[in-house]
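Both complexes below contain chain A, partnered by chain B and then by chain C.
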Partner chain A sequence: MADATTPEMSLGEKLQALPKWSLYVVLVILTSVPLFAKLEVPNKPVEASIDFYGKIMAVPDGSRILVGSDWTNSTRGESKGEMKVLLRILMRKNVKFAFYCFDPQAPQVVRDTIREVNAERIARQEKPYRPFDDYVSLGYFPNAEGTCNAINNNLLAAFSGKKDTPENSGPKDVFESPVFAGVKSVKDFQLLALITASSTNTVTLERIKKIPLLFMVTGVMVPENQNYYASNQIVGLAGGLKGVYDLEQLMEHGINNPGPEMIPSSKWGVVPGFKGALNSGMGTAYYPTLHFALLLLIVAILTGNVGMFLAKKQAKKGAA
Partner chain B sequence: MIHFYSMMADVDPKSFWNGTNNSPELIAMIAITTILGFIVLGFLMVAPIQLRKYVIAAVTFLSGLFYVAFYLFPVPVGRKPQDVPANIVESVGFWISDTQPVVANFSNIIGGFLLGLGIYSQLHLHIRRITRQQTDWGFSVVLIVSMVAIVICGYGDWIMRQGPKGSELQLQSKWGLLNYGSDLLFDGLLQQMDAAMFSMVAFYILSAAYRAFRARSLEATILLIAALIVVLSLMGALEYVWNGGINNLAQNDANSFIQNFRLTDIAKWLKDTIQTPAIRGIDFGVGIGLLAMGLRLWLSLETTGGNQ
Partner chain C sequence: MDYTFIKMTLGVLATVGLYSVLYRENKFYRFWEHVFLGLASGWALVILWTETLKSTWWDKMLGATNNSGQASVMGYWAYAALLPIGMMGYFVFSKKHNWISRIPIGIILGMYSGQQIQVWWNRFGPQIDNSIKPILPTSTASFFKPGTSGLAPDAVAKINSTVYPSQAITNIIFVVTLLSVMSYFLFSFDIKSKMLKNTTTLGRWLLMIGFGAIFGSTVMMRFTLLIDRMYFIWIEWFKMLVLRQPG
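Entry: the complex of A and B
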């Protein structure tokens, strides 16, 4: 008759067999607690984020850009922070923008985000951005490839027939908006900023060639997009939560602005920040959480590996 | 308004694809196209299945051919509205350039129909499940009720916002039942559930990393170390401490050899020298694969996944 008692596990085996629930509990605690504490983590913005900030700040005040937005709340931890940073900069520079989406949920998500940033501005007694006059929603386009080709080839035909609703009025043709005043082609926009959590980055990159591209992508998309940044196919890249935090810090300190917190860059001259404005946002709020989550990931991987080595060592000893 | 029409007349010359609004020519063309469309549809409905296959292949080929021509045929650069083609090559180039946005609109409309097809398919499947009281038919009820509710509230809200009093709805105090319903269902439920679903990935990643990310071989060890360095470089606080330590070791000499071991620089080296070329190679391979697959689809040589 076989022995019914379970042999006692060695330390190595125990380290390799931590119950799932314990990992999950630690993850919940480690990612929740930092949200309640206001921590400012030291950070050095990466070159791609510095270029992003430099390029967007180089857009002349009062001009216009095109914004592509293809994120929904599934990636709001990163994408919403990116969108808010972009909107804050554009609104402070009075840059008008038109946005289009390749995801059916995205137009409403963008409008909600604009509403939030407008609420911040109203609370600080700044002028809110008005629909139609300051920005235009071009809506949802189911076919990304064809639409991007059309934007590059004939922007007016691509957006022909689209309507948006101004304040205190019924819907109007988007070309009546001041955002499109004098626009004849995509080249009349200073640049295209794309906030995406999907493959529309490559679709855009392959088809829209007449204006500079800035990408704001999720953390997992950074390695792929680093290629396009390294080859100058995109002129700036904000990647994941680190990108959001970088941009929030750049908004606070600028580039090459003399001072104890100076963010240096050999590629740029002095680019001002927005000292005293509301610059901290989701990046500042969530970056400590990311730290703790990554720390836990590292500890979990090390624990598993240490357990494996201990178990192997013990097995060898037993065999000897 | 004057600015708008003068701008459109300036930059948007009328063509076969761009008729004047409400003109008799445009109405006649719409009527003729509608009649032709019904004739083609009727023909397709009575056509034998074997013939349909060839019709699909022909439409696929022509659609692909258009984009092949769009990319490969010389198209006008810096064209002005008053420009006229000088020869047949330019005529074709102008035609392709003028037609591309229309083709893009076709594909957008077909994409819109796909949403409708999806809704039909979902309703068909779940209503059958409910009527036959199959396993978990209660979930099907929830799905259909949710779908109908969000369509009614969302569409009602959209219609109201498009109306003359639409701008008033920016104030929550002016909202009615449909507006509250839309807000609750879309922003309050759908969006939050979307975020909640995605956040669960964190638990799977942690569990999988703990169980599977082991240094079992030399390759796995190299991968593990590289990943560890990149992950550490994402932690600004740790990066700050590490780089500070290196700086101290180098006695603040920016040209010291040891400065190469700053976490930022090691991670950057890994990304620029190892990761980027590797991904470029993978992308290149994927691109060639897509080209081959695209050719097979374009020429209707790809039969897997369809009716054999």
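Entry: the complex of A and C
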């Protein structure tokens, strides 16, 4: 008759056999509780983020840029923070923009984010951005490759037939919008800022060569895009939550602005921030919490390895 | 109960439902998964028509008339030829006529292939160019590259064209990494040279370090997405909507 009692596990085996659900419970607690506290994490913005901020701040007030947006709610944690930072800067500098998307869900997500940033502005007695007059939605384009080629070579053909709806009016041709006043080619835009969570980053840099490119990408895309930044294919890069937090700090302190919290850069002169404005956002809210999650990951890796080491030692002892 | 509350509560239920698969496969998860798939497919179809086909194909094909019924914009009827070409793609489902589907696929492939040489160079050319770096310093006046802010353009150009020792060291690390990693992919002959063997081993180690850094970025992103969902549930829904407190 087989022995029904199970042999007692050693400490090493126990450490390696922690129930999966217990890790999930601890993870949920660690990613929830810190959100209720206003924590601050010291931060040094990376050069790519500083260049992003410097370049977008160098766009003359009242001019226009092109915005590509290819994120949806699946990457809201990173991409929405990036979009809000970009919108806040553009609106404060009164820079007009036209946005296009290569994902069917993206145009609505952008409109919702613009509405949120406009609500912030109204609450602070600032002028909200009006559709058609201050920004234009060019909508969804199903073929990224063809559209990027067309934008680079013949912008008027690329956006021909597209309509957007002004306030209190029916749809109008986008070329009637003040955003497109005098526009004949993509060179009439100061730069292209792309917020993406997909491969449209490469599609864009392979095909749009006539204006500088700024990328805002998700964390998983940072290593790839770092190459494009290092080889000057893009002039600025905001990557993941770190990029959002960097930009929020840069909006608060500027670059080389004398003071106790100066963010230094040897590349840039003094670039002002927006002291006193609403600069904190999703980066400030999520970045401290991320550190708690990373702490759990490190503890879990250490626990598993210590467990494996002890179990191996035990097995060697048993064999001897 | 207002619309926002219903909408957000459904969002919370969907979030919890989709995460419930971590415990085990269950019907609650399946339900929300199918809701998501249905919504995404339906939304994509509508957007394809309202934001793309109608404005860039249908309206242009039909043209427009003014209030008196006369043509104000002439219709571009050649666009009608695009419909049968597109519809040919659906013959992929026919066993007898599926060769027809290869015509539009061939057109797309041809257009795509034609772009590839230029596209490849646009993507990798600047990176290859940027890989050729000086590894010897041209000035030892300063170990680090001096700051350029506030300097005259001539002075900035002079600093930028000088290789300082710290830059030379960085460039050496880059060049060694590049060459050793490339040597790891020399599969077409048997590597007998001890030096080359050591170089490929170094390349493999550096690749592993690179993959570790990439994996770290990936993990951070996944955590951020989880934190965002927790923020949605606890702050946006529970604190701001249920308890009516400021975020």
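Points to keep in mind about this one:
One rule holds in what follows: the second predicted complex is superposed on the first by the 320 of 320 C-alpha atoms of A that agree within 3 Å, B and C clash if a C-alpha of one lies under 4 Å from a C-alpha of the other, contacts with A are read in each partner's own complex, and residues count from 1 in each chain.
Assume a residue touches a chain if its C-beta (ideal position, glycine included) is under 8 Å from a C-beta of that chain, and two chains touch if they have at least 3 such contacts.
Predicted model, so just to flag it, every value in this text is computed and none were measured.
With the C-alpha superposition on chain A as described, chain C and chain B clash in the combined arrangement. By the touch criterion defined above, A:G318 lies against neither chain B nor chain C after alignment on the C-alpha atoms of chain A.
Contacts of A:E176 after superposition on the shared chain: chain B is touched, whereas chain C is not. Of the two partner chains placed around the shared chain by superposition, chain B is the only one that A:T165 touches, whereas chain C remains out of contact.
Of the two partner chains placed by the overlay, only chain B lies in contact with A:I298; chain C stays clear of it. Once chain A of one complex is fitted onto chain A of the other, the partner contacts of A:G276 are absent, as it touches neither chain B nor chain C. When the shared chain is aligned, chain B comes close enough to touch A:K44, but chain C does not.
By the document's definition of touching, of the two partners only chain C reaches A:P107; chain B does not.
After overlaying the two complexes on the shared chain, residue contacts for A:P7 are found with neither chain B nor chain C.
When the two structures are aligned on the shared chain, A:L205 is found in touch with chain C, with no touch to chain B. Of the candidate stretches 3-11, 57-65 or 237-245 in chain B, only 57-65 runs into chain C once the two complexes are overlaid on chain A. 20, 24, 27, 31, 74-77, 104-105, 141-142, 145-146, 149, 160, 223, 227, 230, 242, 290, 293-294, 297 are the residues of chain A that lie in the contact sets of both chain B and chain C, per the superposition on chain A. Touching chain A in their complex are the following residues of chain B: 1, 3-4, 7-8, 10-12, 18, 67, 70, 75, 97-98, 100-108, 110-112, 114-115, 161-164, 166-167, 170, 186-187, 190-192, 194-195, 197-199, 202-203, 205-207, 209-211, 213-216, 224, 228, 231-232, 234-240, 243, 264, 271-272, 275-276, 279-280, 283.
In the complex of the two chains, the chain C residues touching chain A come out as 22-23, 40, 43-44, 47-48, 51-52, 55-56, 59-60, 111-112, 115, 119, 122-123, 126-127, 129-130, 145-150, 210, 213-214, 217-221, 223-231, 233-235, 239. Looking at the complex, you find that chain A touches chain B at residues 18, 20, 23-24, 27, 31, 41-44, 72-77, 104-105, 108-109, 112, 141-143, 145-147, 149-150, 153-154, 156-158, 160, 165-171, 173, 175-176, 181-182, 184, 223-224, 226-227, 230, 242, 245, 287, 290-291, 293-298, 300-301, 303-305, 308. The touching residues of chain A, when paired with chain C in their complex, are 20-21, 24, 27-28, 31-32, 35-36, 74-78, 104-105, 107, 139-142, 145-146, 149, 160-163, 202, 205-207, 209, 218-220, 222-223, 227-228, 230-233, 239-242, 256, 265-270, 282, 285-286, 289-290, 293-294, 297.
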